[in-house]
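Heads up, the next two complexes both have subunit A, just with different partners, subunit B and then subunit C.
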Partner chain A sequence: MAFQFALQRRANTSFLRSSLTFSGGLLLGLLLCVALLIQAGVPADMLFDDLVWQVFFQADGLAQTLTLSIPLILAGLSAALALRVKFWNIGIEGQLWLGAIAAMAVSIYGVGSDSYRWALMLVAAMAGGTLWIAVPLWLKERFHASELVVTLLLSNVAFQLMLHLLFGAWRDPTQSFPISPAISEPERLLKLGFGNLHTGLFASIGMVFLVMWIMERSRLGFQSRILGSNRQVAEASGIAVGTTLVVMVLLSGAMAGLAGGLLVAGTEYRLTQHLGWNMTFSGIVIAFIARFRPFWVLPVAVVLAGVYNAGATLKVFYGLTEATVLLMQGIVLLSLLWCQFIAAFSIDRRQEVSV
Partner chain B sequence: MSKANFKTLHLRGLCKRFGECTVLENAGFELHSGEVHALLGENGAGKSTLMNLLTGVYVPDQGEIVLDGQPCSIRKPADAMAHGIGMVHQHYRLVERFSVAENLVLAADRAPELQRLSVAAKALQETAEQLGLALDPYARVADLSVAERQRAEICKVLALGAHILILDEPTAVLTDTESESLLAAIQRMANAGKGVILITHKLREVVAHSDRVTILRQGRAVASNLATESLTQADIAQLMMGDVAVSQRQPSNLQTNGPDLLVATGLSASRNDGSTAISNIGIRLRRGEIVGVAGVGGHGQPQLCEALMGLLPIDSGSIQLDGFQISQCSVSQRRSYGLRYIPADRATNALALDLPVSDNLALTKVASGSKGRFWISRKGLFQDAQNTITEHRIAGASPQGLTRLLSGGNAQKLVLARELDNDCVVAITHSPTRGLDVKSCGTVHTALRELTSRGGAVLLISEDLEEIMTLSDRILVMNTGCITGELPGTASASEIGALMIGGH
Partner chain C sequence: MSFISFWFASIPVSALPLLLACLGLILSERSGVVNLGAEGYMAVGAMSGASVTLLTGSPWLGVGAGVLAGCCLGLLFAFSVAVLKADQILSGLAVMAIGLGLSGFIGRHWVHQPFNGMTAPDLPGLQQLPLLGGLLFKQPLLAWVSILLVIVIAWTLHRTRIGLRFTAVGEDPAAADNAGISVPGVQMLAGMLCGALCGLGGAYLSVASAHIWVDNMVAGRGWIALALVVFARWRPGRALIGALLFGAVDMLLPRLQAQGLQVPVYLMGMLPYLLTILVLVLATRSRYRDEPAALGVTYLRQDRH
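Coming up: the complex of A and B.
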């Protein structure tokens, strides 16, 4: 009598189960990383210190982790918003760069008065990101052009535009590097007195709750859920498919643009060509691990920021290669994803039907 | 190609269940070398499942497949091919960018000699000549017409060594002349000792071109291996549709002279590929009436539903609902006038399976804004869903539970509860009981009758004649996108059948 095992989808996953699997996945990932690092020659007694203590529980490290998480939270929201309506935004970086450029432009051209220019910079950043995603959205709806390709390629265009400005009109003449002049003191976001952490964190967290509100409580959010799950059903039930898609996708661009604005106004104080790299990849990973739920984007982004932070430390102190650090990050992400899969399914043992 | 032909193939007592649903029960027939064997049945009768068992797509739960006295175990498509069983599907399995010969090379895993392009081309050429078909092995599939692609596919399967060939509705896509030449080629195949299983809806072809016939109804073989010589088209239609009991019909009292609720005139629409889906359709639906639209599947039924709902743009014609002109209205406007839709395929067109039951129950109300213009209360949705679940006795459902986990009957109850609400005036329903058991069918029929008794009307488009005859006050017959006739609700199966098949 043969048995076979079958994965059975659970009717619903409780909050407790989600939380436990998330912690379990994180723990498993970290344990695997420990094994990898010991193998790579890092002294075992220092590991907990470097991987967890320094990054999450020690003031400087935590401040750095939280600062890194600010754009990651927004990138995660950006990916979650677009993927909710099955729009593959592979150009989060492009929208982020456009946002950064727009924010910098407000500063360079001195729009408005000093007292509230920082706010104008952030609004401009969101507008820049929105504009940059509007192009692939229009091309998709009008000509059925794949947004996958267009968003990705437009990122290159955005980057070239940024280089054009940095090597040309916006180049700071006093510097030997191609970077823009620094923004003035009143334009900078306030520091919170905790490392380099700035008020941009509140903006990011505010956006998490705003997006959560839109997705979970609003009519638009409900419609986007149906649209993302089954477009034919959405059309047949009279949902305004076009409007829903447009609003969600534009919001996605605005989040990415805001991330760029916050990097300029809160962290870098200028436009550089090193802003926001890997945000597309990170954003999509965060959105997937958070299962597209805005609330979960927050903890996931903080954990990922911690992993990036630890990676940087390990590289400097133990001379680990970039590849080892990437491998570590991959292990943590995969184990989080894997545990989530387990949480959504139960394993059934059943008797095989005899033929 | 070089393999010796088989003598007999027996399919015995084949059963297949999917979950609770029995698709095939104790079905079987036999096929001799040199025979054209027609396999008939209405949609959903189990023809495709039976052929999927023979070609290794599914594994039977019970029963056996015996080839020349040897039981053979066909557990995957490659096993079927190894036994010389090949199938030409309705949708051809050809790579469009490749030439016909390249497609053969691609498929020739088990025939190394065919992996040289020149050999493959020669094999195709020879096969085509034997069948009296014209075929250029080096032509790119993308450049071929539908009929040429079909020839390419048939020659490919034969060149791979099939001596048992299954053809799934091969003439459905062909013109009359093309059909004639294909049927002649089928005859030549049989004469050369192949065994041909011909699945078709066209009874004329069955009578004229097959040697024996097997008829499936609701998963059972109601007739196996009947010699075609002794049969007329009417006999076959009778066997396919069964003795339909019309005694359960309860005519509603408003039907004869109620005001018009839905009037469609001269309705024409095209499919995405530009071909005509429906042409010049006229429908009048009065208050309190159920009007059935009978017809064999694939004759424009889904497009008729979509055109009426506003999902498919119409080329010409007009639609009035309760006196309002709605031809140019959006889906949500039509819904606001009380038009509702129960599509044939719940899983793809009516339900978002990965979302909770409460979402699926609420979605039309959320779309119309009646659950809140900007904000939706989750608690409110759950509460409403709980009430609906209790009221309509949707078993196994909870507001937060995934819709995917509902059984077919309960999923359909969910759709009915949502669509046949108090504001419903006219319900467009397409095969509302497809795949449901007897009890669930009863629930659906009761719900539709209830709608008419409170002054609504139902357009019942169905391929299931029994359903049409049980429910309809009047019956329209649809064939190749046109309404070909109208009959009273008391018409007999053979009268309707004659109109359904008429023209072929």
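Coming up: the complex of A and C.
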């Protein structure tokens, strides 16, 4: 090599440096997205109007954004919980579908009485999501099967299960599309009188504070931090590694399941094929931008919900598909990952590291 | 009899795109890098293949474009993990999203337009052979290229200097570095080849079998290929066997339906995924731990000891 340099891992990154690189990465990613949209034919002077004004500052748009944010908040929490203990949950969609199926089952089979069935539906949804993540957790701990692949494959299984129900036993005969019958009036979550916004928002926000308490205040959260950074150290220092891992991972599944339950009980009022679109990746992006801090999941999820909301406008007016929103998320995530290099390493040009 | 020969003849349609992606992932993982971008590379490969075939009328140019597109995206990922030392899994997911997003974004102009893709060459006598005639001789030339690639990659990995370098970097990057092998260099090359092979797999889907591009065409094949790598124990030859087995299960359902059998379609649709999980568990349980020792580890020269 003409010149020699060595990467040095920074032992202590100053707060200023890490926050500057982070916001720099975010800004760079967003600028690239704006350039992409302009290139795709969205007029530059309409960007602010479409992407910010309409979805955050207009009553209709804001109501829709907040409604969309309900499952996104939970998906973000799900990703943050699992990633805290280095469990790669790439199957948030699957757990969400299982949650939706479980909630729908409670409604279809009329479990309990009308007055509190909505609560049973949500509990069933959490149980469904938990069950769906318990399988990969067990396979990982018992057989060392990569949870990365198993969670994802189980998402496909859950999707097939849903199609099986929608095209078979649960199909609404009065509809031409394969969707389930609507849930009855008392089973629906109350509307807040602001667009389609429903009480599920409080459930999501409540979960943010619950997870915040678990991850940042409780003993479990402290243990999970050690477990996530180094399992050997955690085991050696006598932490109940198994319990911590199981609780955190199952909670992750429960959050995703609850997202599915809220979609059925609050937004869609039925089971449809389009419930979980892209929730896994969105959840991971939200958790990453929120730096895996539960509180920050809340604003980040609302902003991403706004982007999804604006995406619907882009689709109608400029013919851009949903893939555009996915592309924009990918660009922002990669840009953040690249910029982290500046925070994580310094380049030492003077000398080769001695062996 | 005709049921079996039709079934056999349809297996490569499902098996070969998986095989190609799996070969790419084997190269990447052999050099110690977990690459979750496969789904994205396949999507841009399929989309570029279809659009260039539509533009030029030449399926081979389309396939070339698919390979190139996958390669570029693979390079983006490799730069991220090998040079900037970013997290492999998150980078892979980001590149997957970019690939899927780009294919939908650019591909919106080419979606749902049928074209004249690759067809099987005319071999009248051989195609009528019982059982295996369709499987072996009713395939586009690209099928044979894929099989050839298995041999070339297996030979390269096990018998050549560059192949040994891949393995050395994946097993012990520090030792490889001491021996004068450029770890980022090898990982960049592996990343590009992985993207290119996945892109070829995607192009196979659109140019050689479907002759059309639709959104979500890859439909999770990139992830199944990832599981197949474990089944294949990081060996190209076994990847061929695994892909054919998977293709056989995958194609059984449409054949049964064509026979007019009443089957629970969606429950049967779970089979390939459940089978893959089973295989994954069995493969990781086996006594042979063939997983590259440094798989998923970010190597930094200063961490040597």
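As a convention for this text, the second predicted complex is superposed on the first by the 273 of 355 C-alpha atoms of A that agree within 3 Å, B and C clash if a C-alpha of one lies under 4 Å from a C-alpha of the other, contacts with A are read in each partner's own complex, and residues count from 1 in each chain.
The rule is simple: a contact is a pair of C-beta atoms (placed from the backbone, for glycine too) under 8 Å apart; a residue touches a chain by one contact, two chains touch by 3 or more.
Worth saying up front: this structure is predicted, and the values here are computed from it rather than measured.
Participant: Of the two partner chains, subunit B (first) and subunit C (second), which one does A:E216 touch, if any: first, second, both, or neither?
Facilitator: Touch status of A:E216: first partner only.
Participant: Taking the superposition as given, does A:I239 touch the first partner, subunit B, the second, subunit C, both, or neither?
Facilitator: first
Participant: Between subunit B (first) and subunit C (second), which does A:S146 come into contact with in this model arrangement: first, second, both, or neither?
Facilitator: second
Participant: Could you look at A:F288 and tell me whether it touches subunit B, subunit C, both or neither (first, second, both, neither)?
Facilitator: A:F288: touches subunit C, not subunit B.
Participant: Looking at subunit A, which partner touches more of its residues: subunit C or subunit B?
Facilitator: The partner that reaches more residues of subunit A in the superposed model: C.
Participant: Output check: A:S229 vs subunit B and subunit C. Expected answer is one of first, second, both, neither. What do you get?
Facilitator: A:S229 sits against subunit B, while subunit C stays out of touch.
Participant: A:F345 contacts which: subunit B (first), subunit C (second), both, neither?
Facilitator: second
Participant: Touch check for A:L337: first (subunit B), second (subunit C), both, or neither?
Facilitator: Once the two structures are laid over each other on A, A:L337 reaches subunit C alone.
Participant: Just subunit B (first), just subunit C (second), both, or neither: which does A:V52 touch?
Facilitator: Neither partner.
Participant: What residues on subunit A does subunit C touch that subunit B touches too?
Facilitator: Common interface on subunit A, subunit B vs subunit C: 9, 353, 355.
Participant: In the complex formed with subunit A, which residues of subunit B make contact?
Facilitator: Touch list, subunit B to subunit A: 59-62, 309, 311, 330-332, 334-335, 341, 343, 348-356, 359, 362-364, 366-369, 371-376, 378, 398, 400-402, 404-405.
Participant: Along subunit A, where are the residues that touch subunit C in the complex?
Facilitator: Going by the criterion above, the answer is residues 6-9, 36, 40, 88, 90, 139, 143-146, 148-150, 152-154, 156-157, 160-161, 163-164, 167-168, 281, 284, 288, 319-331, 333-334, 337-338, 340-341, 344-345, 353, 355.
Participant: Please name which positions on subunit C make contact with subunit A in the complex.
Facilitator: For subunit C paired with subunit A, touching residues are 36, 76, 80, 84-87, 89-91, 93-105, 108, 178, 215, 220, 223-224, 226-227, 230, 264-267, 269-270, 273-274, 276-277, 280-281, 284-285, 300-302, 304.
Participant: How about subunit A: which of its residues touch subunit B in the complex?
Facilitator: Residues of subunit A touching subunit B: 9, 11-12, 216-223, 225-226, 229-230, 232-240, 353, 355.
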